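Worksheet: the structure to be examined is printed underneath.
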Amino acid sequence: MSTNTNDILVQGKHVTKSYHGNVVLEDIEFDIRRGEVHSLVGENGAGKSTLVKIITGVTPRNNGEVDFDGHELPIDFPRTFVEKLGIAVIFQELSLIPGLTVAQNIFLGREPKLGKTRLIDKKKMVTDAEAIIKKYNFPLDPKAEIDSLSIGKRQLVEILKALSMDSKLMIMDEPTASLNLKESKLLFDIIKNLREEGVSILYISHRMEEVFELSDRVTVLRDGQKVALLDREEISPERIISLMIGRDLSVSDYEESVLKTVSGDTILEVKKLCSEKKFSDISFSLNKGEILGISGLVGSGRTEIVRAIYGVDPITSGSVLFDGKEITPTVKQSISLGFGFVPEDRRQQGVFMQLPINKNICSTNFDRYTRMGFVNEKGEDAIAESGINMVSIKPKDPNYIVGNLSGGNQQKVVLAKWLVRDLSILIIDEPTAGIDVGAKDEIYSVINNLARKGVGVLLISSDLPELTRLSDRIIVLREGKMIKEFKDQSITEEEVLRASSGLI
Amino acid sequence: MIPKLFHKYKLLFILILMAAVLSIISPRFLTKENLSNVLWSISIVGIMVSGTIYSPITSGVDLSVGSLAALSGVLFAKFMITFGFGLIPSILLTIAIACTIGFIHGLIITRINVPPLIITMAAKTYLFGIAMLISKGEMIPIMEPSSFMAIGGGKILGFPIPIFIMVIFILLSHILLKKTAYGRKALAVGANPVTAELSGIDAMQIQTIAYILSAFTAAIAGLVLCSISQLAYALLGQGLELEVITAIVLGGTPLGGGGFGTVFGALIGTVMVGFIGNGLNLMNVPSSFHPIVTGLVIISALALNENLRMGSGTKLKKAKL
Amino acid sequence: MTQSMLRKIILLVLILAVMTFFTIMSPYFFTANNLFTLLQEASFLGIAAVGVTFVMIAGGLDLSIGSATALTAMVCINFLEYTNLPVLLFLPISLLAGAFVGTFNGFVINRFKLPDFIVTLSSKGVFSGLALVIAVKENGFVSNVFIDNPTYLWFAGKLGPLYYVTIAFVIIAIGGHFLLKWTKFGTYVYAVGANKNAAMLSGVDIKQIKYGVYILAGVAASITAIFQSSRMMTAMPEMGIGTELDIIAAIVIGGTAFRGGRGDIIGTVMGVLFLTIVKNGIFKLQITPAIQQIVIGGIIIAAVVFDEWYRNYSARKRNMVV
């Protein structure tokens, strides 16, 4: 590519990273030029965030080198060092202090001093903040407390904080996830201005139209490897998507979708379901023995919909019918009707990390092993044992603390606690996120077996091969609305990805 | 094997070690009389521990139990002596009122989602005020009926009856924690309220019940205390909550849940508190040093117990789904 | 309107309302003499409260503050009585004792990662025990040392009708407000209390801030101790018992979040005034002091419930507008 090394701000050579023997980045070569918008795309788990973490010193790399502005970065360095170098990161999870003002947050840790004293020059801080806000034309008041701002405006403060650092490189990881259209537009203008000023931007997004609009170059990652580096003229959404998926998948190469007892009986029907600000007008039905895939980007409302159906979040309008009868979902009722719920955030919502396997499995089954409030320990042990055997959790020791299990085995524990019940519907959100390949296959066969037994499965996944492999039908969501339903068996990843990225 | 065993019964070993050291220092320590005295002195705290332990298990805390015990004593005396309600109705009414108060605290803490520490701290204040108001700040002597006085003054097998009451409550509490659905659910809620809720456990209900339980045992302790001291007084029982919480924490139940909790551990913690005081007395350490030693012992015990460190459990405050 | 602003307006209205109420109800309340005494009482409470406000904004809790007052007062008094060093040295010694107390709390919390609540609960026992040890004389009895040193007793005096302690409170409150709002330290106190992770990412040394706030609280306790022991002409181990609850109550009433990250000194000052007026007024009504306890308990609960309700309410409102 470029022969002039002065043009290059970041250069990575042979960058490799593995966690517990799982290679997540393999011998990656990449470079970011000065004053370019460089997009990093790939499916979930392709290694995008790991690469960012290596550049910003959050995780040390195992091998290879990263040069920044002509100097090699050490393997492991403190976060504050990154700022000194001139790298700013816009965090996805908000890192603001709610009790402080916009100006105080922007300059947190870098407050201007009043002369030679140790005091903060508040006036300067506010005028500086005002200047930056004006420069980028943000609708913000520097003296407003973060408490009083909407989520989108908070994200803007986050962006301003990064902008105020006068960095050479800005890393933006899904920056538009919580912005509305107007705010997004503002951000794109800023990105274009920054490029003019010579700032490099590493842009990560699932939304293809954004990548297409902004990027000078695109690096495509797949399964921890760099599969392509595209120049501006080579970029097209179709091209990127097919590179991300990496296979020509017009014909499914899986042998699933056989021998299912799809009886045709509808077990769950959702009509015009709405929830304030989260999703609206969602209608679909689920048959016995069917696996219904739900696809959509993060923030598309997919998790919120299943939580509402399960009874965790309130519904503002619409109806849910179970077996033809209308129900008002509550968690208790759902469980008694035979729902199972495997949440997205396994560690925070799926398991009790500090409790042993048996207590975890039995936590959904008090009705089955207690009488008059007293525990029948034999019954409890039997339930735990059957759960452990059903999904073959390793180790088999029922008293083993779940927090010490691998991610895959933890997920099996979550499955086990539902499988030991007579399920009619299983809701499963990102079943294999962060799980090694072997355990993935086991979890797939568990899901398929359930469907074969006539259980209706609602499957949410960002892992497209997984979604297309398992699902009989797929509905695609975007910004809280259903935009597409794929009914036939020959669903391709490409079609789904195009739909969720907004290309249809 | 041995280390594992040691780990499991660590607290018991420490207690035995304490007893061994104390018996070497003072030959008077291992006499039946002295041990009976120690147990008697901790019986009130022990009774309160048996119920109050459920608030830390479900990642809360209850600082109001000392004042509630005092208020219960005053209420009981008023009902029985001033209003002439009779023994059993007075006891039942007192317990019912105490449980209602616990229930209201539980509701405020869970439904409005305010920190239990500040609510029960405020409750400690206002309950004390109510007790003062009802008793007009005076001691109310209780001499009758003899059946009630026997609780505090009587002995069985040479041991004072309050010790047996403590043992019974500890056993009941142990059964509640280990053998019932409530105990299982309480540990689960303490470990992770969100997972618990998604598994169909009503976390708020479990937490509310914890405050009713602590109020219930506070009332019992207040009644026993009345019988022992033969009077009801608003100041009687003040500050007991600190001993109760110290005993629970020393016993290995962390504040803030985390899926841990042992009633026997808390009992051992209670006895430890008793041993420390007793040992210092036997060694003729001036009483002014007692709080220093107690404070330092607690801090070191906490520092040594990893379970009690922050961040071991999911915070209650994030429990909103 | 922000929550803290609304809170202050409500507090101001309440302060005026209770003052009017007590003025009508008791002829002894609204007299110059009583008002200056009231300010004196408020100042004893307030000086320590300014220190503890820092602790609570940083997400901590100091239950040892009352015992710290007793301990530093005992150190101070005994220094005056039993040494022949220059009298004015008691000032740095007292402040040092306060700083030491704070360092002890900070050390245990930082080193062993223990909850602030349980640590300061234990250290409360340690400090009050130490105070008692100092008080016990060779014969094994507690006998209070009386001080008649004029330099020391000066601290109990007045400037015109105003007690020096009130002036000190005003200065300390202004200084505290300045420290909290105008320095990096103050900003970081908010950051640590609100979002430890974000604070760390911005390069804030969390342990250092924790030490800082507890030392401030300890020093504030020692300043209270000087004025209070000077007024009583003695110090006793019991002098600070229970004040931690009043202090925390005043701070919470003033709008500092019990969970940290929010609050300010102005709120604390208003909370201190409100609490002191209520206590003083109830006393002047010559009804049983038990009412004080009930009212204070009730006010604390009302304050936290209001905060939580308002937070949910405004969050809901904000998200509807978007």
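Details
Letters A, B and C name the chains as they come in the text, with residue numbers starting at 1 for each one.
Quick note on the criterion: contacts are C-beta pairs under 8 Å (C-beta built on N, C-alpha and C of every residue); 3 or more make two chains touch, one makes a residue touch a chain.
Since we're looking at a predicted model, the values are computed, not measured.
Chains that count as touching both chain B and chain C, per the definition above, are A.
Each chain's centre was taken as the mean of its CA atoms, and the one lying most distant from chain C is A. Averaged C-alpha coordinates put the centre of chain B at 29 Å from the centre of chain C. If you average the CA atoms of chain A and of chain C, the two centres end up 46 Å from each other. The residues of chain A lying in touch with chain C in their complex are 79-80, 83, 91, 94-100, 104, 108-111, 118-120, 122, 145, 147-152, 180, 276-277. For chain B in complex with chain C, the residues that touch the partner chain are 61, 108, 112-115, 117-119, 121-133, 136-137, 234, 242, 245-246, 249, 255-256, 286, 288-296, 298-299, 302-303, 308-311, 317. On chain C, the positions that touch chain A within their shared complex are 2-3, 57, 181-184, 187, 190-191, 193-195, 197-204, 257, 261-263, 314, 318-322. Residues 179-185, 187-188, 191-192, 194-202, 258-260, 312-314, 321 of chain B are the ones that touch chain A when the two sit in their complex.
Contacts from chain A toward chain B in the complex involve residues 310, 312-313, 331-332, 335, 341, 343, 348-355, 359, 362-364, 366, 370, 373-375, 377, 417.
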